[in-house]
Amino acid sequence: MKLGIFVSDYKIPVDTLDRLKGDDLGIILVLNGVYHATIKEAGKASDLLGKYSRVYALSEDLQTRGLTPEQVDSKVKVVDYAGLVDVIFNDFEKIAWL
Amino acid sequence: MKLGIFVSDYKIPVDTLDRLKGDDLGIILVLNGVYHATIKEAGKASDLLGKYSRVYALSEDLQTRGLTPEQVDSKVKVVDYAGLVDVIFNDFEKIAWL
Amino acid sequence: MGDVKCAFLVQRPQYKGETSRLALTHALAYQTVEILLEDGDTVTPTLNFVGEGVLGLTKGQKAMEAYGITSTESHLKNCLLVDLDIYVCKEDLDRFGIKEDQLPDADEMGAEKKINVVPFSTIQKNMEEANHVLFF
Amino acid sequence: MGDVKCAFLVQRPQYKGETSRLALTHALAYQTVEILLEDGDTVTPTLNFVGEGVLGLTKGQKAMEAYGITSTESHLKNCLLVDLDIYVCKEDLDRFGIKEDQLPDADEMGAEKKINVVPFSTIQKNMEEANHVLFF
Amino acid sequence: MGKLAMGVYPGLVGSACYDFALKLADAAANKGHKVSIWFSGNATGSVKAHQKHLKDYSTGEKYLTSLLERGVEICTCEACTIARGVQKPEGIEKIKWSAMHWYLGSIHAADRVLHIGGE
Amino acid sequence: MGKLAMGVYPGLVGSACYDFALKLADAAANKGHKVSIWFSGNATGSVKAHQKHLKDYSTGEKYLTSLLERGVEICTCEACTIARGVQKPEGIEKIKWSAMHWYLGSIHAADRVLHIGGE
């Protein structure tokens, strides 16, 4: 299932992500979810980054929070709103908002 | 500090409770927080119940969810809205909503 | 286009917020969507409860008495009455100590459907087979 | 009654919800509360950032450019300018890898106050010394 | 008798925090306490008059009207309210409209403050 | 070109989820995709006309008006809206008012559905 999941929080309030299985899952970091792309809590990158083959983060939401491209983990592809539209239509078959 | 903290969720989205110290802290379980009074996750009562000398739960919120008095842990004192007003004025010096 | 299948995944508990309740009322609306579509077109949701979403699925809810609002229990019965498929994750029921006989049914109203208690793998399969997934 | 001290505890991150932003704007309102009170009466808030509340305290926020809204950075500078006491939990800055020199100041606007980076024990003390605590 | 100052921020109909706040205010007023309520954030939508009470939704208007009649002071954040398109003539009568300092002012005389910050 | 059906539930001004949804709809419409938006829950407050744009608050009205002009279909849940006291004549022009089946209908022809369920 090529499912793209939008993550909009740093501390995720539901445990659905832990349950879903599949090699084709991807995540799209938006709003406060973009902190997963930059924060190394206790020196360690977010667990989310290692779990999914495709990880995107929204540039406008990084900029809003004063986060710079250099802070973004190399596993993450940064897209703007226009790029996100293409991700939605081309990179996944279904999308969901956590 | 005789601080009474209102807990309105089962999965708590902030970590403030873990940080606060003091023998005089108490918690007041309301809305979905009342599940802490009844659920034994994997057979074990909520961690919250053992940490505070005073734990209250709101009867109207238990009833709404179909939870019966027999399901409520013995460490928890059940109060209704009128009783909660007395708890606020008499049992604590300050109150806060998590 | 024919039938479009949607998997509604309810992952938040009932009552504090409105989202998980709206999953039920939106699913119920499948009965009347055909008035907006071409002949032969339908939209069929399944309701899938996981995680904390399984809280609030027990019998005996007094939401009307305490707060003047329709209970989730009552909505669930209506969903069964109109033949919606409802799935509840067994692992999560076990984790929270909720027994199958605590789940409501609508037998006395003549419903043929019952809530299905299933492993998470069945719920994942429902999502895979659906055209769209909606998380509540 | 004289001065009433309030400890505002900001425990949620900025931007997604409105709550943590409202902590800043409500604290700023302390400047004008005296028009509603008797002579000599005041209300003095402290702003205390803990947990995820410390996210969103860094320089260079482009909220106006991206979304057309005032940034938290700008609100923080205004708070410093009107001499509010701002405390940020050091343990949480360390945990999230935020350095002290990433925090904004309002030096160029002539503010005398700076953001205080303090251990959580200082924040707990602020709460203990306050007449009321408000969690945002 | 004491004074309870409440601040309510989460969104009206869609949050049970709001129902909770109104029922608690009611219970405190019934016991003879002074109560004040400050609405900010999404809760300011709740001052709109003519809310229709459907059984599937809680509604605040009848509670607010009853609280006002019993002397509970209720005030909405003017900026938050007009940002949501609700103007004062469209609001429930006798609810005050003011700036954020009103809340701090209501706290000054309070014995207890319950600030429901919400999401 | 495809069709994106969106469902937006979290509360208007007070939630950046709502700003996100409108900016995404805007970007998709700019690329020539068909877009529909369904408001339910607290987001229905956002159909109220005459929102004042203060710099401290995001506002949806100018976005919604611009989206409508470009053919984006926008519909609000009538029950959710009137429960909040907002009547149709008070709403932004050209936004549709309907029952929940409208959302399911908009999903039928969609290539992608982004359902923002919220809190």
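For reference, chains read A, B, C, D, E and F in written order, and residue numbers begin at 1 within each chain.
Simple rule for what comes next: a contact is a pair of C-beta atoms (placed from the backbone, for glycine too) under 8 Å apart; a residue touches a chain by one contact, two chains touch by 3 or more.
Keep in mind the model is a prediction, meaning the values are calculated, not measured.
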Subject >> Joint neighbours of subunit E and subunit C, given as chain labels >> reply: B, F
**OP:** By the contact definition above, name the pair with the higher C-beta contact count: C-F or A-D.
**Re:** C-F
**OP:** Compare the CA centroid of subunit E with every other chain's and tell me the farthest one.
**Re:** A
Original post:
Taking each chain's centre as the mean of its CA atoms, how far is subunit B from subunit C in angstrom?
Top reply: 29
Subject >> subunit A and subunit B, separation of their C-alpha mean positions in angstrom >> reply: 35
**OP:** Go ahead and note the Å separation of the Cα centroids belonging to subunit C and subunit D.
**Re:** 43
**OP:** Enumerate the residues of subunit D that touch no fewer than two other chains.
**Re:** 12, 15-18, 25, 52, 67, 132-135
**OP:** Please list all residues of subunit B that touch 2 or more other chains.
**Re:** 8, 11, 13-14, 31, 60-61, 94, 96-97
Original post:
Residue numbers in subunit F touching 2 or more other chains?
Top reply: 13-17, 23, 41-42, 56-57, 112-113, 115, 117, 119
Original post:
So how do the chains connect up here, line, ring, star, complete, or something else (other)?
Top reply: other
Original post:
Chain pairs in touch?
Top reply: A-B, A-C, A-D, A-F, B-C, B-D, B-E, C-E, C-F, D-E, D-F, E-F
Original post:
Along subunit A, where are the residues that touch subunit D in the complex?
Top reply: 8-11, 31-32, 35, 39-43, 60-61, 63-68
Subject >> subunit D-touching residues of subunit F, taken from the complex the two chains share >> reply: 13-17, 19, 23, 55-58
Subject >> In the complex with subunit B, residue positions of subunit A that touch it >> reply: 11, 13-14
**OP:** Show which residues of subunit F lie in contact with subunit C when the two form their complex.
**Re:** 7, 9, 40-42, 99-105, 107-110, 112-113, 115, 117-119
Subject >> Of subunit D, residues touching subunit F in the complex >> reply: 15-18, 21, 25, 64, 67-70
